[in-house]
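Structures for review follow.
Here subunit A shows up in two complexes: once beside subunit B, once beside subunit C.
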Partner chain A sequence: MLLVLGATSLYPFAYALFISLFDWNWGRSMSFIGLANYTRLLGDVEFWLIMKNTLVFATSATAIELLLGLGIAVAVDRLRFGATLVRTLLLTPLMISGIIVALMSKVMLDSFLGIVNYLLGLIGVGPSTFYGTEATAMFTIVMVDTWWQTAFVFIILLAGLQSLAAEPREAARLDGASEWRIFRHITMPQLAPLLLTVLIIRSIDTLKVFDIVFGTTGGGPGLATEVAQTLAYRTAFAYLQIGRAMAVMVLFSILVLALCALYLRLGSERRD
Partner chain B sequence: MQRHTRHVLAAVLPALGLVSTPAMAIDWQRFAGSEITVLIAEHPVANGIRELLPEFEEATGISVDVQAFAEDLYFDRMELALRATEGVADVYFLPMDSTAFTQWSAGLIQPLTPFLDDPELTAEDYGLGDFPAGFLAATQYPPGDADAEDYAIPVSFESYILFYNKEHVDAYLDGTVPATMPELIEAAATISEKSGGQVAGAVMRGIRSDTPIDTVTGIVYNAWGAEPTPLPYNVWFDGDWSKPRLTDPRIAAGLSHYAGMMKAGPPNILALDWPDASLLFQQGRAGFFIDASLFGPGFENPEESQVAGKTGYATLPPADAGGESFTGHWMWGLGIPANAAEPDAAWYFIQWMTSKSAEPRIGAMHGGAARLSTWDDAGYKAELNPDYVKVVQDSMRTSRSTVVFREGWAEYALAIVDAIHEIHGGATPEAATEALQARFLEMLNP
Partner chain C sequence: MRLQRILTLLPAYVVALAAMAVTLFPIAWILSISLKTKRDAFAIPPVWTFAPVWRNYLALWDNDAFRGAVFNSCVVTVLGVVLATLIAVPAAYALNRLRLRGKRLIAAWLLLAYMLPEFLFIIPIYVLYQAIGLYDTHLGLALIYQVHVLPFAIWMLRSFFAEVPVELEEAARIDGCGHLAVLIRVYLPMTLPGLAATAILNAIWIWNELAIALGLTFKNAQTITVAVTSFRGYASIDWGPMTAASIVAILPMILFALVAQRWIVKGLTLGAVKG
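Up next, the complex of A and B:
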């Protein structure tokens, strides 16, 4: 197990760390430059703006998806009829790959050719720019990710809800507790470990967003939607600065690891 | 078939007019039995190659495997193939810009000059001089060296020209095509306004990416004028890498013209890359479009285009009244990776596909033939809109390469696009170019 982990995780990370210490254009000569790639990145205003964008996207998308997914899961859990059909329909977005979601949304939200603006036009609204302005682009990307990934949160939490013991809730009802109090004091504490797991998975997933940004705005307008992964991709494959791209990924990995450690600490404190 | 027999047939059949070969001064069967792989982007050139492939294989005995990828995928695939320990491709579709320069710097491509200089490998009538010197200069390394070698043969070129929708120009501008760049920007805004937003006055590549840089460079050349812009620095540096000259008023004007066209564009102009922009024009939803001439033949295809027969062509309107039009050009070429397993057979392939007889046939599929003689070929011209042919030929008279010989130029190109976005967002051209100058200096001295 350790060997597999080492081969698939630790070795690539160590290799990335090693490469990040070089100036390498992906050619045959590499020059050792120590921490220069890191000092350059950490002293670059754009880098910090991009990291901020990454965090804004990740926290917004994760929060909305968790709230929405939880709400839908609770609603579907209470359905007496048609739950299977609703569940299947809600899962449909998950079957589409990220880049297809990106391209579809780009066409649908186009200000001239898109169906969304056409429909908005029928009620006298628009045309809206969606991906076209700094003010709206990030929000649009968050909404598209929400449409795509809420189903993941929903299905996990629904499974969790359906596995909870019914007796405590039934006893509380007999004692006259309101549905909100039952949810707040019985359901949520039981669901908390699962919520934490979903939170960690969605946080990591949204932090490493690439396809939706790459397929829609390319990081623009300006730097409004540039995120860590698109920066690393651009640095590696457009600028051919492999060492610097690796430095981006090392710093990004440290951020993700720190976040995971924080979540796990919160989880263990809660258990204590 | 015995190799000897094939040699005899190779000599006899063309003489009888049964097989057309570009030239017979060399032994085209010399590498018969070889198998080569051609790595290429899905592009009209790829279609042309596929069409001519049976003739090539029959005449040379070389088997060809064409591996084509969508352009987005192609770039990554190309970079990986060049770096593979064992050769993945023998011939590849090579962007004749800083990408090729970076590949040369990294030792990833082979010089073609040794093949070109070898009379046993290159037909006497191949005619390298038929390609404009300015085209070939884009991949001659070391740059500026008297002994510089050729690393690619151009297979398609694009100059940056103005496309306009004749119906919209008639409806909203009384049929008058603007004569200067400021007039063009004003006219584009007029179309947006008069159409009530139903038609975009202009479409441009507006997305944050380095891909608009060649179109941008063409428009900057137009504002720059006749003053030479020598390589490797091109227009952006004053003869030295430590001297960027982004604050030059002519560069500020060029960037401002690009931003001005974007302002007359659709509300989501900042999300448009070239497929989106060209599609909007092709669907008849835009008045003007400045971009690669290669889009022209597609606009004239009635099966795909709403503007077939309704598209007008013009060289870039001069920056000032009474001035001259200038533009830039960019090219795809064919090259041989350093790790190619069959470089000799690969050269035969390149030579054949870029020969005087093959180029008009492939060129007719994209309208960007690189040989001067092809533009005099009646068969080639017959496939294209005459106005398109005239405008492209006119543009070639003042066109300069958009290439900059600098590794990692894409990062600088992106900074230039950012400056255009700043101007589009309301910054003055002077302020945006001053910030751009500072950004360049920062990148040059990290």
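Up next, the complex of A and C:
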């Protein structure tokens, strides 16, 4: 049973590795070219730029979401009434598909007719072109992802906060410790394993980002927001270079695996 | 003293209210645009009060391709969830009996499967499906979704099964129940809410998935997320149908979430908090 289950995950990976050694355009002829797909990618400036974009997006979105999610979780944890209602309402973005979030953001952030530029105008900021220029496009997508996924960080950390024992905090409070010191020296260390889990999950998710880039900029303007998965999609289904697309995904998978291994390592070192 | 307590709680309420405003405003705004006439939708300064018109929704209903996509999403979601549940229940039961070793095993598998990017899977599956005729079919899409949600489903169910007291299982055994009978008579009735939570989270994931559906369907089995991508290009011109389609795609999942909120929270937090 387990073998069958494992095989369903392993077959695509093995097949992807296999295809990545060929020059193939979905047609009948498939020629073996060894590692040429890999060597071409590794020598390609565009590939490295796209990998950099992916990392920039993933690290900034994850960092902002973790900070905001933690802040909101701490706040909601303190509410005396209405906490359940707040939690339910804050959860709604998680129920929405990434592609819908992308389309919603295009309406909200339209350069000329969007409500966000109008509201920013009221407080004397803007107008911004958001997705329109290289300088702002990546930041805009990070913000959209933040709107979409901060609730995930929030809900996990809130559950974590609520499951913590109250005694150490109360003892510290009786000893006259300030709220900030209690948070910094008692709550945070207790929450650390959970923070690591959320960090890993959000990092993987943001590295694999597809929907919101595909649905908003499609990777543009230029290559400003092109990320690993949109590159793979474009290479396979628009340029019909399947071997190359698979090589992109194999290299990218190695990057994701390495990053996760690093995080897990850091996590276990801290515990020792 | 009372004033001081209110003052220490005030920041928490301010943060909570601000988060709610930022979270809910876009959804409310998109809903309002879907109910506006074209002129009101594009008005600057924005129109805050208006009489709702249903034209955009009626136009969607008349759109055969979109109606078909909604139908396809329903079929694929139900099929995917049923298949995943049928496989996950016995798998979780078996792994639960392995106790700790089983837990480590699925945790590792879950993390690994989760890490691999979608397009690494999509293209090999695309090739396979073209060869065996599952490309652009409901069954084909549901099968691959089932494979995708399976690790998570097993992980969740195993955690719920682990909460069932071993004594109950032993008592049932003494009464002469086999594995299947223990599973059906003891485990399933006791973990029904957990089973529901698992199914709901899987359903939401499948309903919202884009990349796999984009790669593995074309016309016959196109899902709602793929159908709405056609609105990308002329997003700046045609807000009415686009926002209406968005609301149609969002609404079932939000209703789902409101009804089963407690279970969803339990499901989402289970994996992470219990580690």
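Everything below uses one rule, namely that the second predicted complex is superposed on the first by the 262 of 272 C-alpha atoms of A that agree within 3 Å, B and C clash if a C-alpha of one lies under 4 Å from a C-alpha of the other, contacts with A are read in each partner's own complex, and residues count from 1 in each chain.
Here is the rule we go by: contacts are C-beta pairs under 8 Å (C-beta built on N, C-alpha and C of every residue); 3 or more make two chains touch, one makes a residue touch a chain.
From a predicted model like this one, the values you see are computed outputs, not experimental measurements.
Using the contact criterion defined above for the overlaid structures, shared-chain residue A:Leu164 touches neither subunit B nor subunit C, since it reaches no partner. Once the two complexes are laid over each other on the shared chain, residue contacts for A:Arg40 go to subunit B alone; subunit C is not touched.
Once the two complexes are overlaid on the shared chain, A:Val56 sits clear of subunit B and of subunit C alike.
Between subunit B and subunit C, C contacts the larger number of subunit A residues.
Looking at the shared chain after the overlay, A:Asp110 reaches both subunit B and subunit C.
Within the superposed three-chain model, A:Ala177 lies out of touch with both subunit B and subunit C [touch as defined at top]. In the overlay built on the shared chain, the residue A:Gly220 is in contact with subunit B alone; subunit C does not reach it. When both complexes are overlaid on chain A, the residue A:Asn25 reaches subunit B alone and has no touch with subunit C.
In the superposition on chain A, A:Phe237 makes contact with both subunit B and subunit C. With both structures placed on the common chain, the touch criterion links A:Thr129 to subunit B but leaves subunit C unconnected.
Residues common to the contacts of subunit A with subunit B and with subunit C across the two structures: 106, 110, 112-113, 218, 237. By the touch criterion given at the top, residues 8-9, 11-13, 15-16, 19-20, 22-24, 26-27, 29-30, 33, 42, 44-46, 90-91, 94, 105, 109, 111-121, 123-125, 127-128, 147, 150, 204, 207-211, 214-215, 225, 228-229, 231-232, 235-236, 239, 242-243, 246, 249-250, 253-254, 256-258, 261, 264-265, 268-269, 272-273, 275 of subunit C touch subunit A in their complex. Residues of subunit B that touch subunit A in their complex: 75-76, 79, 83, 102-103, 105-108, 197, 200, 207-210, 266-271, 273, 276, 279-280, 283, 285, 407-408, 410-411, 414, 418, 421-422, 425, 446. On the subunit A side of its complex with subunit B, the touching residues are 25-29, 36, 40, 106, 109-113, 127-134, 137, 216-223, 226, 234-235, 237-241. Those residues of subunit A that touch subunit C in the complex are listed here as 1-2, 5-6, 8-9, 11-13, 15-16, 19, 71-72, 74-76, 78-80, 82, 86-100, 102-108, 110, 112-113, 115, 118, 147, 151-152, 155-156, 159-160, 163, 179, 193-194, 197-198, 200-201, 204, 207-208, 210-211, 214-215, 218, 228-229, 232-233, 236-237, 242, 245-246, 249-250, 252-253, 256-257, 260.
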